[in-house]
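Chain naming follows the written order as A, B, C, D, E and F, and within any one chain the residues start at number 1.
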Amino acid sequence: MQTHTAKRVEITIEKIMQSRLTDALVGAGVHGYTILPVFGGSGRSGEWSRSGQISRAEGMVQVICIVREERLDALLTAAFKVVEKHIGIVNITDCEVLRAERF
Amino acid sequence: MQTHTAKRVEITIEKIMQSRLTDALVGAGVHGYTILPVFGGSGRSGEWSRSGQISRAEGMVQVICIVREERLDALLTAAFKVVEKHIGIVNITDCEVLRAERF
Amino acid sequence: MQTHTAKRVEITIEKIMQSRLTDALVGAGVHGYTILPVFGGSGRSGEWSRSGQISRAEGMVQVICIVREERLDALLTAAFKVVEKHIGIVNITDCEVLRAERF
Amino acid sequence: MADILALAADNLISPIVLCFALGLFAALARSDLSIPEAVAKGLSIYLLFAIGFKGGVSVAAHGVDLTLGLSLIAGIILSALLPIVAFALLRSITQLDRLNAAAVAGHYGSISIVTFVAATSVLESSGIAAEGYMVAVAAAMEAPAILSALWLISRGESGRMDANLWREIMLNGSIVLLVGAFIIGGVTGEEGLKEISSFIVEPFKGVLCLFLLDMGLVAGRGLAKGGKLLGWSSIAFGVLMPPIGAAFGLAAALALGLSLGGTVLMMTLTASASYIAVPAAMRVALPEANPSIYLTLSLGVTFPFNLVLGIPLYLAVASAVSGG
Amino acid sequence: MADILALAADNLISPIVLCFALGLFAALARSDLSIPEAVAKGLSIYLLFAIGFKGGVSVAAHGVDLTLGLSLIAGIILSALLPIVAFALLRSITQLDRLNAAAVAGHYGSISIVTFVAATSVLESSGIAAEGYMVAVAAAMEAPAILSALWLISRGESGRMDANLWREIMLNGSIVLLVGAFIIGGVTGEEGLKEISSFIVEPFKGVLCLFLLDMGLVAGRGLAKGGKLLGWSSIAFGVLMPPIGAAFGLAAALALGLSLGGTVLMMTLTASASYIAVPAAMRVALPEANPSIYLTLSLGVTFPFNLVLGIPLYLAVASAVSGG
Amino acid sequence: MADILALAADNLISPIVLCFALGLFAALARSDLSIPEAVAKGLSIYLLFAIGFKGGVSVAAHGVDLTLGLSLIAGIILSALLPIVAFALLRSITQLDRLNAAAVAGHYGSISIVTFVAATSVLESSGIAAEGYMVAVAAAMEAPAILSALWLISRGESGRMDANLWREIMLNGSIVLLVGAFIIGGVTGEEGLKEISSFIVEPFKGVLCLFLLDMGLVAGRGLAKGGKLLGWSSIAFGVLMPPIGAAFGLAAALALGLSLGGTVLMMTLTASASYIAVPAAMRVALPEANPSIYLTLSLGVTFPFNLVLGIPLYLAVASAVSGG
């Protein structure tokens, strides 16, 4: 089937920052994203898990954006401003998409 | 460690279409998939979130299939028939897998 | 933006094995991972889903690790020992990350 | 008229309506207040189970008669008929295209079980009894409207409906639970009720309050998102259609000889619009129709209208007609 | 005999059993009815807390005596012993290999707390009192069977068991909650109970109904998926093993001099099969064993058997033996 | 003194405190016992709704007076003031840097609604009435402390606070629900309460038990993870600050002329530390501060201290002062 190359950006960030991140994405012209719940994780700031978390404020989410390559830099710049001081991780993969008109 | 090349297909689709999609996958000979819950998202059809959704019918899921390259086209054709008229996005990444006998 | 190449390892495994897996990862020097809940899936051992599961013991999770390439083999070896006899799937993708100091 | 106003005013300050208003306010003010999805689903399971069970017990106490069967048939006919009325009204007063009009119309033939529960609770407060089998009528009215809506779109054409969808509609969780609890209540009767009444009777209204809080949140978030999509004509439809539906319900209730309570419930059923079963079916069968339109209308306009004004109105009209 | 049938018939139309049947029906008819996982877990936490607390209060009221300790020891021995009986039976009447037979056997030494709760509720309806500490016996019987099962497989060999698994089994959530609530009930006594009885006593049976609805759904979906895997001989095992276990329980209860109620509960414990603690341990220690076999047998065959026929049978037998 | 000890001992064996202890034990023993997040959130929604509603009903019954307004103002001032006191204490007795000290300080100006609820329930058991509007005071005290904390850090500087965060704090779910339920209770009064009291009054204490079980689990897991981070001086702060806060609360209560019950509640509010609203705000505004420090102190040290020792202490002191 006909596919088109794109970038898959995966941003793991605190739930409390989610709307700030998606606002920034929309501000950078990125209107397509999917948000996954996260159960737990570990990083430089230590380990946490949804069941063991000391406060309901601590959860994280994963925001996945599929974007055309030419928009990647705008996306990363916008995202970086939000995540900069916060814990989390951002990774980018090459991908192909069906239905290019959709993104 | 010994790994094998494969394709990772990620299909984001309405929950209500999930069983129709997996039936189509199985029909196309794809028996391995993993389904992730989705919290929210945004696309051409607008924004939605699990907590703000106006009806419990609106949720989405993400179906991930790891397939051998030679099966990719059959998978995409089968999936496309289901998602065609529906909202959602399909992306494909190259990957390596351990334990090739498993997929 | 400045990015660095890395590997994204995605391990789908029974929830009951989660802490054994993350202990093994930490043992292999991998301190960064994110755990996603899984709704359902299908594989050689058949189909299961969170709502239809016959016991609450059956769930699965997806553990995602972003690692530098040079650590990949240690990670896979450690993970393999845990998943070896168990159901599940391990796949690896090339990726780029922001903020390399974080992983 | 004064009566209706007094009833409406009374209704307005019931905890149930105020909880809905609180949810609405919180959503429109963009508070992060939310009831977890699992809890909301748990509450709705509780309500369906309790209302079904109590209906069954009441039928066990009063016996089955011919009116039960006739009421079921009337419900099915009304559910199939009202989408056509709604479709005609939509096409004449709004700009909606055929597809979206048919999708919306389907919702108004089907029913909202929470509106039904709220009406039950108003009746109880007023000490008015109703036929227990109205619960079964509610269940019977869920699905026929879907077929009408699909027929409105695909006259001639085919393929909108498959066997899977058919099963999903007829055996959707709400129907199975409502009917199942109704049968269990019927089988175990008063004795069964006594065993579990401190679970399904006493706390019922409190649970309903929390559930309506969630309904308010969800309706408010829907309005915030989808409200702009609705023109004034659509909103007018959302408040005009319920009384029209209720008039059909009234006629049927009179023909069937239902009690005052039963009449109010029948009117409420015909006046209410689905926001669970029908949207799900529409997403599968009419994916091109815009869910924001039909959900916002059903849940954001018609549901609050019925909850706040409709139910007291139907009660007043039914009382007047029954010479009460 | 007539007595047993009357009891069974009575039991059959209790709301609890009917709710289970409704869930079973919904699952087999492939309805999408489901109780969210979080809610089901919440209900089970409620049930464990309530049953543990009430057991503790009853012990506080009646005092601790030697029989308590002896009953605990008897429970532990039975839990460790029954897997060996079950293993022998499985290997002689079914085709299961050693591994799967051992895994299944482990389930039948351990217990199902919901079956225990259902038996308690039948006793209550019949006005029969039981020793409060039977709750503690239930907790004590959860784990020993797991060790027996692993021993059956790895005689000689080693490495199936690690310290982590050991801790996970002994401190699994159900045991900790049950025993913890038992102790809290024992410490706070009647006074503590009075404070929270409108939470843990009055609504108890209603909550149990909803929980059994979920059990029916889960059992039904398991049967739909795993049923084909079970030969007739396995199914025969699933209904034969409970009465055999109950016979052991009866013998122990008589030796211990338990009351009629205590005897019924001890029989129910030995007759019931685990579907939470043991499967989890088996997934870790015996991943090669097929979970569909042991889960379907335990939850799809033995659980319904005990719920519908077993409990009235054990009550009838215990009454006959105790000369009641 | 003997009185305080007797009260504390009594309190220690209340089901509520024992449930907290059970959760703590389970977490520290690394049991997998856990209350699903959705259920815990559901329980907290229930508690907030019930406590708010009852407060409103009580105000409706006793009427609104000047003290209500003055108490609100006092609460706001105390909430804004106490972080400065806490900050000074932290900087003098612990090693914490300015940033973390400010973040911790913010928590101690704000309040813990569960501590408030626990105090209410102790008052009820002792048959001591309190001003219903203390619920509104609790709501008013949630946010001002956050501003103080941010001011402590950014004196001169700016940009920590944006409009979004401001709205999130003022309209956070707990505040909206508590105040909303308070208003609904006030509007519907005794009559409204009668309709739903078997939901929000009778089972209240039992629900609180389960909620405290979850609090114990969460506090225990926090201690297991974050405990090492806390030096002895921080822990000392966690038990010293509550009585200091309570002294401010006592002074305010005396100045306002609150009843004995109201005085105890005011002391409890000033003594308690936030673990929901403030941490969330801190994660946004002060991401560099370490959440393990402030959460472990607030939930792992101060919360248990207040629950077990603090509340009886405040009650004893208030009784002594009020010459009771």
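Just a few scattered comments:
The working rule: a contact is a pair of C-beta atoms (placed from the backbone, for glycine too) under 8 Å apart; a residue touches a chain by one contact, two chains touch by 3 or more.
Please read all numbers here as calculations on a predicted model, not as lab measurements.
Chains that count as touching both chain D and chain E, per the definition above, are F. Taking the mean Cα position of each chain as its centre, E sits at the greatest distance from chain A.
As a whole-number value, the distance joining the C-alpha centres of chain B and chain F reads 45 Å. Centre-to-centre spacing of chain A and chain D amounts to 39 Å, using the average Cα coordinate of each chain.
Rounded to whole angstrom, the centroid-to-centroid distance between chain B and chain C, based on C-alpha atoms, equals 18 Å. In chain F, the residues that touch at least two other chains are 34, 36-39, 41-42, 198, 203. Among the residues of chain A, those in touch with two or more other chains are 36-37, 93-94. Taken as a contact graph, with one node per protein chain and an edge wherever two chains touch, the assembly fits none of the named shapes, being neither a line, a ring, a star nor a complete graph.
Annotation, chain-chain contacts: A-B, A-C, A-F, B-C, B-D, C-E, D-E, D-F, E-F (touch as defined at the top). Interface residues of chain C, counted against chain A in their complex, comprise 1, 3, 6, 8, 22, 26, 31-37, 61, 66, 93-99, 102-103.
Those residues of chain C that touch chain E in the complex are listed here as 14, 16-17, 19-20, 46-47, 50-58, 85-87.
Residue ranges on chain F touching chain E, taken from their complex, read 13-15, 18-19, 22, 25-26, 29-39, 42, 125, 198, 202-207, 209-210, 213. Taken together, the chain B residues at the contact with chain A in this complex read 10, 12, 36-44, 49, 60, 62, 73, 76-77, 80, 89-94.
Looking at the complex, you find that chain D touches chain B at residues 27, 34, 36-37, 40-41, 164, 218-219, 221-222, 225-226, 275-276, 279-280, 283-284, 287-288, 291-292, 295-296, 299-300.
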